[in-house]
Every structure is written in structure tokens, then in C-alpha cells.
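Below you'll find a set of structures to go through.
Shared chain: chain A. Partners: chain B in the first complex, chain C in the second.
Right, the complex of A and B next:
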């Protein structure tokens, strides 16, 4: 073999390197600064974090657990838990960061930690390393794995809507519902704000995986009027959805609507829910008022074997959801389907039976061991201005009831609605459908209106004019005592020195007159307790028009329970449903304890 | 007189490979009579773990299947999911992926060069090549946030766009590495010691190579032109201009020559990619990773890794998690069956040397 001279000499070329500067080791020693995107130890912005636990769920190494932090101020929509990272398990893949809905979690440039104590590898980001704030490197801004935009809901066009009472919201189709449901992280933060704590993540998950029937079954766990809530719920759950910090909340209400709407009739509901109805236990409960609260209490009591009788003054069940909510929001056939299902499993309703008139309260008391009152607020507040008794001056609550009964009411072509709640908006939108031009006068600013913002937007789309900071002064009538115009004054907002919401104050001299044919008052309602016997009224604790109840919805009279508007300030369907649901536990406790 | 046979246990502590495996050798004198590979020191059940993770949660797992070269794993899983689901990948992401894959090939070859030289006793080479590899690792750190495990390629594209000025940095690094190649030639490839050790050692029979399932540089080192990038181009390889070097001989030397020439090709590919990379999206967002139902179906995808054709078979039953992900890597063929065959007759001191030339990656054998 020939001598490979080149192969022996050429490696010596490497000697040239001896004089060169070393390229990886630096003298004097300098700690390497990590790259701008480096995935080092975690940092958590404790104030931004809501403790939803998505980081813990997504972590494929089970390196994150959620722990309680002492001294942490916990607001609404915050579980009070914060992530703790086991740096012995973490692989710094940053899936947790890229799926953090609030964006509070990030990784930092810190990568060096030496300790002999393995327990010290547990890091509570943001609390153990507050200075990490300045060393944040891997953040999810703009690169999140999550979808912050909800699937928009299809609706009738504003011009199309005012032509009829057809339902405005068209509902999700299957694909839209699956896509929207798939956005949900299942963290369950929302359930805290739901008065009845519906199993929201569970039914949304069922929709996401294509099991609509399971979703319906889960909804009926604690809400027998799921379809109603799917259409008209005030959805406080969505306010605290984990997505709200950076984007649009999951459309929880529309998903509930989608699931319940897949069920066509009451028979199908029964097949799907397949409720376990206990054999009769020989106890009897009376429910006064077939509103959402009364119906809920009746349904769950009937399932537990109680004999339940619902006394309803009107010809149809549903209370305010039947007579107060216009049909373009909640169609009659949808409500009928839900009520027929309740009746089919044993809820008995006596219609046209007004307690105090058709039957006395004492008689009810004699026949039943416990009574639940859910009569709602039916008596409207008066505006308290001159001309209120004129013909053409009506109350929204009466107006809506008669329209829902398909009665004709003459309102003319120029309507003014006074008030800023959902009832006011409903009255305004109904008036638009009857062909009138509508103006809403409201004392405060638009952002102060208690009505749902979607309702406000809907009204504006339909051509309702909203005139905020306007205080009615007088209804001007003609010689026949018929409404001719309304006089109002503009108001300015005066900040409350105590820090409350600003108050409107009339600007002197800034008065105007608006010619109208009808004035609709919608500034609130109260209850009518006249049916209660005097001895009951004496014993019953009532505070500012509302009956005082404990958490079992039990009043100061042990056998008497109450719920809905007359007992809680929420004044919405889901609040009443929660009262009915919780009263069931109270009634059961009360009656069955007596048994022992 | 026939020499007495002795049993020699080589490993499991890194006998010329990155990862733990053991070769039980029957030797007569210093000649291997029989080689038996023993694996099982590194089994982490990656395939099984994935069956209990959602699709996106599987990405931080697959990169661990090969430490020196994690990216083909991410690429394969991403492409398998995309094929099952029919998900489009933005053009820019495809270019970025090719850049990553070629950078990863260069890094893997740098590490191989160090190992190959180290097992031959030439210890200056690993000092250099590991140092130069660090420049590529620095690029990875800047781009992906991780030096070794990148978790960067995933279903729908890549995780982040290129940082500002990154392309220039890549080009500068390529210029530097290219300038280093002649120096490596002088130090290593032309080195008489290496040539003497490598030529005629660890020969793979060209007629048997295909039958045995040999792939990658060992196969091309037998003079057989086989490269997934050319045979079944994926991402944007069909839009790039490059050649697949082959070398006759089937020995350690041929495999080294193939890799040496491929380094030049990779540098050229990276330059082309940077040149042609379009602007636009880099990620076609997948649904919420916790609620992502990948439609029912299966896909077999393959990538040309630094060790050869690297395949993933993924099956979805329409659920949140993979029903099955099977990893078909070159390391099993090269590190178990092929190694046992070609070690027979080798010198003991060449065992680690031959192992290294095959590009064996034990964690990938065990998955």
C-alpha cells in the first residue's frame, strides 16, 4: 500500500486554529443570554390569571397542578387557584402558554436552577419568581392555539324582522354548533355565575363530540326549561367565560338552544331525558304560579315522588316567559313543547285558578304540606306624571301580555316607551312590528341601560330610536283625554360623590315636546300579595317588596317557600329556575324531616 | 489453532451511538464471531403515550424519539395528521419546514462527524464539529425557543413565524459552515488514519442492501440512489434544485463520503429556500387542541431524515386521540438486524466505529 503522504500532512493544518479565538467559550466567563423566544421557566401574571386550569389540562406531562394561593383577592370569574409547575416533569413545550385563554402565562429566559432539594423544583409562577415579568420570552400573543372569535349567529335582517313576529335569531346549524362548541376549554368557570350552576362544560363537550342527545339530557339535569334559556337567558355565564379577557366568550346560550332545538317534541324529550321518577311518597306540595320557577320546582318534585299541583291564574303556563317575552324571541310552539313534557311526567297544572279569587290560600294550605309561591312581579310601577291615566297611556307589561294573547291593541303610529330594561326594549320592538315609529326615553346613559346589549342593538337595527338622558315630565292630552304628546327634559349626569353610579339631573329649560299616539311605561313592576291571608302576611318577612328566604328558598314560615322575582333581585328566568330547583331541596328536607 | 471464544459486552453506555443500547459480542481473539444486539434500556413507550394524549399533545412527545434529530418526527406526525384530515398547509410554512429539516440534517451530520472521528480516536474533530453544530442550535433557539427539542413543526404549519433578520442570520451561518468544510476535509476526511480505518470496513453487500431494508446514507453508500426527497417529494422539495450523492463501496468510508457531499447539498437547499420563501401565513390554525376530533382515517408518511427514510403510520378513529401511531425508523433496521450481520468478522475496535457509521438512534428503536 502506497504511503498516503497527503493524508498524514493535511490534518496538521488544524494547528492554524491554535491562534484563533475560541467560538463557544467566552473569556471572561459570561452567562449566555437566551434568545428572545427562549422557552425557560414559567411566569404567570397572577392578576390576569383566572385559575381556569387549562394549562394543567393541556400539559401532557402532568407537570402542572392548580393550588390555592393564600391572600389572593378572588373576584368573579376567578377560581382562586393558580398553576404550580413541577420543573422536574416540565418539558417546556409551552403548550400551556399557547392555550392559556387569558394570556397570563408565559415562559421566560431563565433556564438555570440548581438545588439539592427536589421539592424546590415546584414553582408557582409569578409568585415564586415575580421578577420573571421582565424576562418574559415565549408569549402567546397572536400565536394562540385558541380561537377567540365566536361563530356569528345568523339573524333576520332588521327590515325583514319588523314585518312579522317571526323569530329573529335563526339558530346555529349543526356544523356551526360543533365548531363553536369545540372552542370551549371545559374549564367550568362559567358555572359559578349560573344561578342554577348548569353543567355547562359537560353539555358543550357533548355537542362538540356530536352527541346532542347527551347534551339535552345533561341540560335537563337541573333545568327543565333549557330551550327557553337557550333563547332568552340573560347568560351571565358568558360574562365570565375564560375567553372574555382576550376575545369573545363561548356562545353558551346559543349552544343550549341548538341542542334543545334538535328535539322535536315532548315525546322525544322524554325518550332522551328518560327521567327516573320515584314512586309516589304520599306527600303533596302546592305551587302557586306556573312561571319558570314554579314549573322547575314542580318538575323536580314530581320526579322525587311528590304529588304536585300547580295553580295558575291564567289560561297558559309559563308566567313571564309566556306573557312577558315577545314571540319573536320565544315562539309559542317551543314553550308548549317544554310544558307538555313537564305535564307528561306528572306535573299537574290547574289553569284559570287565581288564588284568593277562585280558591282561597287557606284551602291550598289544608290540602298540601308545603307551598311554593312563584307569582312574579305583575303590577307595574306608575310613571307618576300628569296625564298618566289618559287613554293611550299604557303599561308595557300589560301591552306585552295582550299582544302575546294575540289580542289587537291600537297604538297609533308614534309610540314612546319609557324605561331602559328588557321590558322596555321588548315593548319598543313589538311596537315596531305593529307598524309604529318608536322612541325610547331613558333617564340615564345607554351604557347604564339594564337591558341586554344584544336586545338594545336589535332594537336599533329595527329602527327604534333610543333617547338617553331624557326624563318625562308630563303626558299632554287632547280634549278627549287622549294622549297627544309627551313633554320631557334632557338630563345631565352628576357623578355620585359616594362613588355610586352617576345620577341624572334635569337641565333647566332644556324641555322638549314629542308628539305621540301612545305612551308605554316600562319602569318596573312589583308583586301583588293581596291573596295572602292577613295572619300569613303578618308572619311573613318582606323586605322592600321581596319575600325574605334562606338558601333553601324557605320563608320565615317553615312550610312556605318562595322564589323568582318575589324573592330574588335578578328578575330573570334562570334566577327563577334556580329558586325553583333549590326550593325542591328545601321542601324535601322540610317534609321528609317531618316524617322521621 | 482455533482461538478460544470470549463473550464481550459492549455498552449499554453509548457504544458509538447517541442513546443506550448494548451489543453482546462473541469474539475470538480480537475478531467478532457473533454479534447480538440488546435494546430495552431506553423504552419510554412513545407510541403508547400518544394513544393517551390528544393529537396536539403528541407533538412534544415525538421529538424525543430521536435526540440529535427531532424534527423529522414532528414533520411526520404533522404531515400524517394533515393527510388524514385533508388540512392545507400554507406555502410559507412548507418552506420553513424544509429549512428546519435541512438545518436539522446538517446538525445531525455534524454530530455524526464528531462521533465517527471520536470512535476512530480523532478527538479534535468532535471538538470542532460540536462547536460548529452549536451555531445551528443557536438558530434553532432563536427560531423555535428550544435548542434541542424544537416542538416547532406541528399540524397546520409551524408554530411561529421567522423572527426579524433571521433569514440573514441563517445565510451567514451557511457561509460560515461552507467555509469550514475544506478545513474538515483536511482534518478528517483526508486524514490517513480515518481513511485507513474506514475503507473496506463495515461493508454492506449492495445486492442485499435493499432486501435488508437499508436506507439513507448507508444505502446510498452502496451506490443505490434512494432518497424520499427525490423519489416522493414532500413539502417543496420538488421546487428545489439538488442532487443525491451516491458512492460505491458500501463501507464506512462510502457512507462518510455520502454524508460529506450531502452537507454541501443541504447548505445549497437552505439558501434556495430562503431565496424562494414566499410571504404570507405560516400556520393554518387547527381547532381547540382539547376538542379536536381528527376524522377517521389513516396515513403513512415518510421523510428523509439524516439516518434515512423515516416513516410514520397514524390511525385516527375519529376521536380526540390517535388510535395508533407507529414509528418506522431506520434505526431498527440499521441498529439491530443490519448491525448483527455486518459486525461478523470485524475487529473489536471497529465495532463502535461501524455502529456510528450506520446512524443508529436507540430511542427510535424502542419508541
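Right, the complex of A and C next:
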């Protein structure tokens, strides 16, 4: 009988498994993690969350509340509230996660929870379970129910634009506007950044529901120049839209433009807005400067029964929105329509009346109980380089004003614009339309430019050359004192040790000469207070060229109110409108209190 | 390999189109064909698909509420093991008079799907005698899967709110407080969030 060796050895084969990890429960005991698709408690990234409350609104079980969190510090663009979930009601459908615009909310795999205390089922995600971050299961990513892409705005092609002053932006049609408006979540966080706090979610919702007239009525509640803002607003509201964290913000400006453009003339505005005008109360207010701030103040004062007189130095109302903004951004007929409406409800404007020249400030003071100054910044800063007074060296706002008056200005075929703000871009784009080759010299980088990025892009599309980090040194003139060329130096950016924005520093020897026919300076403006009598100027508190005002836009002289560029640093139309709007409350308080 | 598969779908789609001229046939993607039909053609189509095109498996039967058009869309999802292709047979019926014919004679499990749709959408399937109570107990009022059913209202009416939730705030209202914004009365009804 042969020895069956295999039969003896094979059981020992099992020994080779001795060193391997057993497939049984581990010791010491380790809690097993749930599978990735399990849904349990919510987790909320408190820093990412902006408290828009969409989760609370969408919840079909009414399980989510928005509550104030103690010690939570929030900046603008945040409601200051955070969600709290009643897990006794939650069904883990994750609609809240799928509709979270910032993506801060998610579900974790913590689905096992036992407690005898029913109140412990009320959980503030992210605060009560900060470690939930590592156990997320259902997160909001590609499965989001929201629409992050905005409806693109149709525009004229760059090469087509430079042929005329036709409006560049074509505006939404009805279908586009309804679709865009339907994206809005209605949280209203955007209104925090609007200086006048327009009722944005309400009018967007009116557009989404197909009620354009109501949208216009809501817009006119605190902004009588809605169409202007719809075209040229700096739209800080869009910067903090709930969608900005992960997608494109709602086109708030274009929707306002759409709604206000559906109204064809001033009579229709009056029919739609149907303002309640109080009977005359016998008080009288003077407004100096028919800019957006002055017109706003005049409109709401007239509605409250005040006798309002606006003194305007020029032949047309609108201030900077008339003379500073080129017509391809804000056509004249659109502005006329808005101003005619203001006049139709009782705003009186005295044109060609410069205070200090045609009428004295003291005379105005004698006839009116309160005065609002909204004169804006009209005097341009000088470049401070040699050759600046040569013929062919002009200032951007003077240039834009004359062009808007349809006057002819000879600029030749090579223009250089100095500056990086909206005025500089406007001057450059206007010069392109007059047929010149345009270069912008800006001392800092393109990303430091204070101008709107859309404006910068628009200028580039139209063939404007932007030369950043270039500092002008001298304007070279010919024997007739006419501009021939400009000498500039390239600069490097030096980081600011104090943490401010980097400063440009000239690179020695890196100097260039650019042959030009016209130099347009656009490095800022300041106010001209020369019309004010000396005693008033002494009493008035002026800080760095701006009049100091309180919340009611009241200056250190009780009967004198101020707004717009001379009082705020925003340097835009909506900032001036907000000043005008708030000054009305202040003026009303001041005059009617005196009455009692 | 992929091109071969697309050929199968094209073949099936052409065959369906040739038999049902009014059908709207789309190849949605690989192995998925959508067939939109007039509602009276659904029984003959399903019978034809099952017996001639080997789609002998009813994978699912569901419904979509198109409240804006006042219609229900019935979706039969059928599958052929032989061809490895899914067909979505869709048809629209009137929402007011929600009635259709049963397909129980083709697939017995259709009876249970129809029972569910009867309960959740309120659709009556003629020929199905087992449309009795299914999941919901003693349900009164409109069927819950209809879009005009207000789920939040149902939840708040029927389940009390736990004590300790009284400090809840409205986001829009909170923002207006931060802003000192005054929303006029006529605009308030356009607030998406409730303004208490």
C-alpha cells in the first residue's frame, strides 16, 4: 500500500492563511461605517452657507426653520440666518440639498440615532454636528435642481458697433426675460448691496409671473430712473446673488431693463405707476443739479406735496447720465421719456440756471425752506505732466459732454486715453466710434481697473488696445503747441507692506514714445463748490472733497442736504438715487418737525 | 460594438414607425427608444411590441402630471431581453376625465401599477376590477401625486409643529430689517417667501 502523502500534508496547507487578516469582526471593536448612499442627518458648511433659506422654502414637510445663530458674524450677502432641521419631520428626500444654491448643505450617512429626548431631534446642521463633514453621503453637485446658467444677452458684434452710436445691448425678449426671471429664488439677499434697496425679488417674480406692469410699479416705488439703472447700473446686487458661488448670478439689471422698456412713453408710466400725489403742503424745497440724485429727491418730494424747484446749469436734465454716459449705452429718447414723466407729475426744472452765476445761493435759500445739493463731480483732475495744456490734450468728461451734445470734436486718428475707470473706457469707446485707433494707458494691472469688466471686455471687442502698467511722463508737442506724441514708462507692481493694493513703480529706463494726435485724461473728477457763499462753506464739513452727511443726507447745516458723488464714494447713478431717496425722508422730517 | 447596437435601435424604430404611422419615434440614447402615441393606439402598440418585437417585460408604468396642459402623461417602460433595448411608450390623457384602459391582459403586474396610479393620481383604468385601497388609508380629498396637491399644507395641517421651533424667521423679512427696506403693500404678494 502506497503511502498517500498528499492526504497527510494538505491539512497543513491551512497554515499559510495564518498571517492574513481575518474576515471576521475586528478586535478591538470598530464601528462599521454605513454605505455611501445612506442618508442621515444634514450637514451644513456654516461658512459657505449664506442663509438664503431656499432649503426651508422647498421643504415639503415643513421641517426646516431659519434661525439666528448666536455669535455668527456675517458680512454683506448673508441674511445672518442658518437652517435648523426637525428630524422628526424630515423624510430625507434631499430636495433641500438639491436646491441649495451654494452647495453648503448635504446629507451625511449618520442615519442611526437613538435618544430619549425628543428635543435633541432638532438639529442645527454644521453647528451641532461639525464632524459630519467627513461623512457626507448626498451632496449637491451635478444633480442640483437649479439653473446656474444665465440667459445670454444679445449684443451687436464688435466690428458692427464701432460704425455708429447705436445701442450695443439689444435687451431680452419676452421669452428670455421670463426664463431668466424664473431662475430667481426670491431670497432677497441681493437687496443688501443695493444702496436704495430696490424690491428686487418682488419685481423679478412679477416678471416671471408675466406681470410686467406690476414689475414697473414695484421698480418705481423707490427708483424713478429704473430704465437708466436697467441699462447702466453698476449692479452690485448681482455680486452677492445666491448663485454667484457656483454659477452665474440672475441678470437683475437686464430684467429691470426688460420691464421698464415694455413701457413706451411717459403717459404709460403714469398709468402704470399711478402715484398717489398728496395735496400741496405749502412747503418749498430747492434742488441744485438735475442729476439722478436731484431728480429722485424732486420726484418723491413732489409726490409728498412739496413744491420742488430744480436748478440745472445745463440745457438738459440728467447730469452725468445725460452728459457722461455715451449714447450707445443710454439712448437719449429713453432718458427723455423718464424725465418727461418726472416733469408730468410736478417736478419743475429751471434749465440753463447756474447757481452762483444766474441766481445766487442766498436767493435760493430765501425762497425755499430746505436745499438739496447734487452737483456731482464736474471738474476733472489734471494729469500733472508737461504739455498738458497743448491743443489736442483734452479731459474725458468734457469730451464726452460735447459728444453727447452732438458737437464735433477733432481727435485725429490716434488717441490715447489715460485712466482705468468707466469714464476712461467710455472715452475710448467713443473715440473708436469716431474712427480713431485707441490705446488706454493705465498705471496698474487690468484686474485693478475700477471699470466694469463688461465695459473692459466690450472695449477690447471693439479693438481698443489696453496697455496696463504704463505711467505717462510727458506730452510731446510740435512747434504749434499741438500734441505729437506721449512719452510713458512701464511700471512694475510693488506689493504694499501694509496689505493694501500693490503700487506701480516706474522701471528706470523702460521709456517709450507713442505717436498720437489726441490725449484724453480720465483720472477722476472733483466737485466745484465755488457757488457756495463763504459763510456756508465755513460751516460745512467737507472731508477730502466730499460733504459729510448723516443717514438722512443732512449736512452740518440742518436745512442743507447733499447727495451723489459729492457725498458718497460709490460714484454711480444708483448711489446718487439712494441719496436722493433718503434725503426725502430727512427733508420731510426736518420741515414737518419745524411745523409742529 | 456600439454602432451595431445603434443599428438595432434604428431597426426597431423604423419597424415601429412603419407599423404606426402617427407615432413619434425618437432614439433617446443607446438602448433607449421613446415612442409617443395617440392614446387609443396604446393597447395595440403594447400588444404588437410584446408579441412581434419581443418586448415581453413591463419594467415600469408611471405617470407625469402636466398640469399646465391639463393632461396626464402615461409612461409604459417595456424591455426586450432578446434585444436588450428599452422602449418608453408615452401617451397623454385628459386630466379632468382621467380614464384609460387596463393592460392587465398583457402583463398581470400591470394591475398593481394601475392600482397605484389610481390611488396617487386618481386615474380610472377600465377593465381593472381591483382598483381598491392600496397604500393610503382612508384617503379623502385630491390624490397626493397630483401637482395641485399642496404637500406643505397637508404636512402642516396634519402634523403638529414640535415645541421649540417658534424662533423661526423669514429670510426676506430679516433682510428687509437689515436694510430698513419698506416693501409696499401691493408688492408684498409678489414676495416668493412668505411675509408674515
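As a convention for this text, the second predicted complex is superposed on the first by the 561 of 596 C-alpha atoms of A that agree within 3 Å, B and C clash if a C-alpha of one lies under 4 Å from a C-alpha of the other, contacts with A are read in each partner's own complex, and residues count from 1 in each chain.
Just so it is clear, a contact is a pair of C-beta atoms (placed from the backbone, for glycine too) under 8 Å apart; a residue touches a chain by one contact, two chains touch by 3 or more.
This structure is a prediction, so every number in the text was calculated from the model and none was measured.
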First, second, both or neither for A:217, with chain B first and chain C second: second
Partner chain(s) touched by A:209 [first = chain B, second = chain C, both, neither]: both
Touching partner for A:56 - first (chain B), second (chain C), both, neither: second
Which of chain B and chain C A:145 touches, first, second, both or neither: first
Touched partner set for A:6, first chain B, second chain C, both or neither: first
Touching partner for A:186 - first (chain B), second (chain C), both, neither: both
First (chain B), second (chain C), both or neither touched by A:39: first
Which superposed partner A:201 touches (first chain B, second chain C, both, neither): second
Chain B versus chain C as contact partner of A:86, first or second or both or neither: second
On chain A, the residue positions that both chain B and chain C contact, one per complex: 57, 60-61, 184-186, 205, 209
Contact footprint of chain A on chain B as seen in their complex: 49, 53, 56-61, 124, 128, 131, 134, 138, 141-146, 149, 151, 159-160, 163, 183, 185-188, 190-193, 195-196, 283, 285-293, 320
Complex interface listing, chain A residues touching chain B: 4, 6-8, 10-11, 13-14, 17, 23-24, 34-39, 54, 57-58, 60-61, 91-95, 98-99, 107, 137-138, 143, 145-147, 179, 181-186, 205, 208-210
Chain C - residues contacting chain A, complex: 151-152, 155-156, 159, 161-162, 164-165, 167-172, 174-176, 178-181, 183-184, 186-188, 190-193
Sites on chain A touched by chain C in the complex: 51-53, 56-57, 59-62, 65-68, 79-81, 84, 86, 88-89, 118-119, 121-122, 184-189, 191-192, 197, 199, 201-203, 205-206, 209, 214, 217-218, 221
